[in-house]
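Below, chain A partners chain B and then partners chain C, in two separate complexes.
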Partner chain A sequence: MKRFAETSSDLVRSNLAWRGRTLLLLLPSLLIVVGLFGGGLILGLMQAAGYFPGSGAESFTLEHFKNVFIHPDFFSSLLLTFYVSATSTLLAVVFSLISALLVMSMLRRFNWLHLVMQIPLVVPHLLIATAILFLLSPTGFLSRLAHALQLIESPAGFPVLIHDPWLLGVILVYVWKEIPFLTLMLLSVLLNLDTRLLQVGKTLKANRWQRFRFIIFPSIFPSLSAGTLIVFAYSFGAFEVPYLLGQTYPMTLPVWAYRQYSDIDLMSRPEGIAAGLVIALVILLFVFIAYALVKKSASGRLPI
Partner chain B sequence: MRRFLSGSFILVLTAGILLPFLPLLIWAFSRQWLFPDLLPETWGLRAWNYVFGVAGPQVTSALVTSVSVSSLAALFSVALALPAARVLTFSGRKRGLFLQFLFVLPILTPPLSVSMGLHLWFLKLGLTGSLPGVLLVHLTLCVPYAVFVLSGVFSNYNPLIEAQARSLGASKWFVFSRVTLPLILPGIIVAALFAFLLSWSQYLNTLIIGGSKVMTLPVLLFSLLRSGDRPVAAAVSLVIVLPAFAALLISARTLGRRAWIGGW
Partner chain C sequence: MRILLIHLWVICLLGGAAHAQSGWTDIEKQAKGQTVNWFMWGGFPAANAYVNGYVAPEMKDRYDIEVRQIPVQDIAEVVSKLLIEKQAGIERGEVDLMWINGENFRTCKTYNLLYGPFAQKLPNRKYIDPNDSAVRFDFGEPVGGLESPWGSAQFVMIYDSLRTPQPPSSIDAFLTWIREHQNRFTYPAPPDFTGSVFIRHLFYHVAGVRQNWQQDVDQAAFERAESRLYELLRGLKPFLWRQGRTYPESPQKLMQMFADGQVDFAMSYHPADASRMMRDGLLPPGTRSFLFEIGTIANTHFVAIPFNARAKAAAMLVANFLLSPEAQLRKADIEVWGDLPVVDFDSLSASWRKRFTGLNRGKATLSAERLKQNQLPEPASDILIQLEKGWEREVLRK
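Moving on to the complex of A and B:
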């Protein structure tokens, strides 16, 4: 496939008008990405730096960022957010690996399975959060089921899974969405894997683990790392799920940022924006670290 | 043994995916469902009568708003992303990498960081509380996603086939409508569905830019959840999830056995 792309790009590049034409083709989407997305970030940065042109406040200050960092709730929110995304991402990676390897050989016989696994991809986070609320709340469906089975006497006997200090309900929503997402991503690679490689491995007396480690893992590694990054970044910056299913204190960082932003006291609005930018910054930091790790592993040994 | 293991695993997976929808369905068709009862004491269409009767104008207008915003988002996303995806796939390695990075950023950055910054600017332009404002803020997310779905499509596409058609005397427009478009149409449909669903499920973005004036279905669902009327919230949830299932079936028909993310 790459060959097509490269020959054609040589062909196109020989054209003198290439630059102009490319720019013209890119312009509409760049207007959105650079103009609106980049613009939003830059305008946010200006507001978080206390710069409001035309309103008298026309000097830059780091005070709002400082207020975010020294806020008593900031550090616990950061830790909580990291805990939620790291836990759900880790669970999703482990279970998607297991399910991809188990499902792989069955997929041809169970055609409908592919469709079922795509359901979580299209269901909005907000909606599955609502469904989990009805399922796991103290008077929810599972609690009623436990009562019918005479496991509990009253709603108080049911374990607290919603608005709980460990954010189990929140993690469950992410895992519900992310396991099928990562599984499908892995399957799209695994089903195209040259099975002769595995046969060669068998011939050379590689055991099951060795075949996974040296044949399957290297081929799924690029998709898996990209998928993991997307999943982590999403759960780190998501608002709806922890807002609906999380506890009131401490809040995850996005919920905290929005609370600051929408506070009646307009003075805390720049702090909300600053917190939002800190979230984006943390995610970018992770992206760079992950990118560096992947790049290093691609040139030499895998990090495992 | 191994077959039994995989079989039961598939059962657990399917049950796990479908189970959360069960209470949603029951709530939407229940009249009274007090705690210890496993099933409602009385079933009924009270929630639906409320949704399309008493609260009808509100729900219908939210439905219309959601459908308009998301359809426009899908339309604009594909139109803007198509040329970009083509350039992205067929440009040189170094330039391609930079552009890819540029289009990945909005996918990884949480939308709230962007919309909070945009709000003041949109306020000055008179875009807050308006449909175009909400549409624009949705596009910051939908366009990059569409670019990625479509670049997946172009990476399996040989552009030399266009040169071939041209050399046989076809006009530029003829090549586009009879050669390029039929080849990439499945990808375009999937990209449009993807952008539609992405916009369809936005909440905080819509709230920050639209305020209380642009009431989409997710915004409505949130306020219903806060009021605590479970049957009505469940009914609105089903209204929200229906297009998602429809999109899934359409894409399954369009793509056959390939998955959505197969193109990535």
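Moving on to the complex of A and C:
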């Protein structure tokens, strides 16, 4: 009895030591994340709360948040941003699922595919946006090609895909960029999947759909949902693509926040920061919901 | 008695002048070995090259002063930094010199963020016409020596002489042209700086008397003019590119659309922009620029020294050097920057004047004299803000 107590306290001690060492090893990156990100967030929060020393505005107030919420543009911008992120995320998820499954079955024969899939990951969004601009604008490459092939009468006859009311150009950039990201994420799970499960499925006469539904999907679900969340959060908070390819009005929430922040009147900055914090809050909310869903699915009850 | 008084007066004057002179030598002595952190907008390669490739080495050679350019995205960031430093009681800040004008200057002035009226003390001030309202006021705000001018910009319209041999030069004719050529014109969306100044030209057009919009603005008259302006712009929308449902977000984008042949006009607040872009092969060879008949809006850009600058003496020397004819000539050279000189040509010797007028300014750039003779002042910055907000409310969303 006594010996057992000793070993268990030893265990606790060594466990603590292990934890301590891990924490120490994590410290450099933690410091950066907490210091730079958290510090900036706190400074932003202070400014959004109206703490702007020297300008006569030094008391804390929720006025700026209220101004953001009652602004006539706020909800249309929020809806638009949600529409863009949801549409592009959904499209990216569907296509990446298909492409991951296709690539998995072909990878043995074409293993260079894996490398090719990684190329778009290193290309910045800004570059893709510019490329899309040159490809799809009314004087762009595709429009000229279509004109040269006499598919359209003049370059102006090309459908409006950039600066359009539906933000198709913006969605296209996100889809283009996120498919490889999600595909690679799914592939890493799929390639580690125990193939015997699929063989068992086959011997039990499960058809393709059933094998996907009951074997593949549950095993990729955690990484799929995490990936979906990352993609959604990114496109919800991204500024440069809608700024370059979107319409002047209505604009997405990040563009709107930037416009408030960069207003010529220094005193409208708190509103811009408040709008930025609202974006962060919305993203956090989604993370929370998604986390709850994934946890639920991990306990065996898929939410679908 | 009278002669005695005149004598006395002359002696006082001489004494004063000598005193001022010795003051400046003191400043030169103090400045030796100091480092000037010059905070400025870093988004303009030509300006960066001028500062780092010319001003900095010259200051090093002449006065042993180190000039360090600190590029910033927006000088308003520096203004809010100064505001916080003032509150925190920081006596020795990092900013020694800043490139500034307009609303940011007004904010600085309102919160006392600037070092006293240093601009009057600069010896090269003699090259500036003291009566020129373009250097006495900055967007309607009296400058009072708190900032020193170093260049000026003026709005120009850009066209392709092969496509549009006779550009409509009066605003009325221009508006008619837009209505007759559907889908061939647009402007950058305010609050973009260039789009916003285009709107101000139309404001002057409908508001008539333009001298009234710098100070003591009659609010009722302004509101009448404002609503007429929005009415005009709303009426123009169906004839604009994409029926005014969307606008390019920057003048660069408009230039690209102009180069692509999507629209027939571009515009710029930098008179030499078109020439420089044409030289780089970005614009068609027929590119030229023109001014509206009523003139176009010009503004002066300045340098200012913050209240807590560490190297005030050296910063003054830099500001002074920027006003010298050689620095101004270099800046006006299209190969360097092409910025409009701020010096008064009448104050220059004949040989300097000749060098300025003989400068190759590029085919698409109008002569400095022609530009200078057709300058309109910027309205007060209040008006600018109200017009930008009004445009969003009354034109963009309708």
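Here is the rule we use: the second predicted complex is superposed on the first by the 273 of 304 C-alpha atoms of A that agree within 3 Å, B and C clash if a C-alpha of one lies under 4 Å from a C-alpha of the other, contacts with A are read in each partner's own complex, and residues count from 1 in each chain.
We take it that contacts are C-beta pairs under 8 Å (C-beta built on N, C-alpha and C of every residue); 3 or more make two chains touch, one makes a residue touch a chain.
Note that this is a predicted model, so its numbers are computed, not measured.
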Superposition-derived comparison: chain B or chain C, residues of chain A touched: B
Contacts of A:Pro165 with chain B and chain C, given as first, second, both or neither: second
Touching partner for A:Asp263 - first (chain B), second (chain C), both, neither: second
Touching partner for A:Thr130 - first (chain B), second (chain C), both, neither: first
Touching partner for A:Leu244 - first (chain B), second (chain C), both, neither: both
First (chain B), second (chain C), both or neither touched by A:Ile230: first
Chain B versus chain C as contact partner of A:Thr139, first or second or both or neither: both
Which superposed partner A:Gln199 touches (first chain B, second chain C, both, neither): neither
Common interface residues of chain A - those touching chain B in one complex and chain C in the other: 52, 139, 244
Residues of chain C that touch chain A when the two form their complex: 74, 76, 79-80, 83-84, 86-88, 102-103, 107, 111, 183, 189, 191, 242, 245-247, 249, 257, 260-262, 381, 384-385, 388, 392, 396-397
Interfacial residue positions of chain B with respect to chain A in the complex: 5-7, 9-10, 13-14, 16-24, 26-27, 35-38, 79-81, 83-84, 86-87, 89-92, 99, 102-103, 105-118, 120-121, 136-137, 139-140, 143-144, 147, 155-160, 163, 197, 200-201, 203-204, 208, 218, 221-222, 225, 230, 233-234, 237, 240-241, 244-245, 247-248, 251-252, 257-262, 264
Residues of chain A that touch chain B when the two form their complex: 1, 4-5, 7-9, 11-13, 22, 25-26, 28-30, 32-34, 36-37, 39-45, 47, 52, 99, 102-103, 105-106, 110-111, 113-128, 130-135, 139-141, 143-145, 147-148, 155, 176, 180-181, 184-185, 187-188, 223, 226, 229-230, 233, 236-240, 244, 254, 257-258, 261, 272-273, 276-277, 279-280, 283-284, 287
Contact set on chain A toward chain C in their complex: 52-55, 137-139, 156, 160, 163, 165, 243-244, 247-249, 259, 262-266, 269
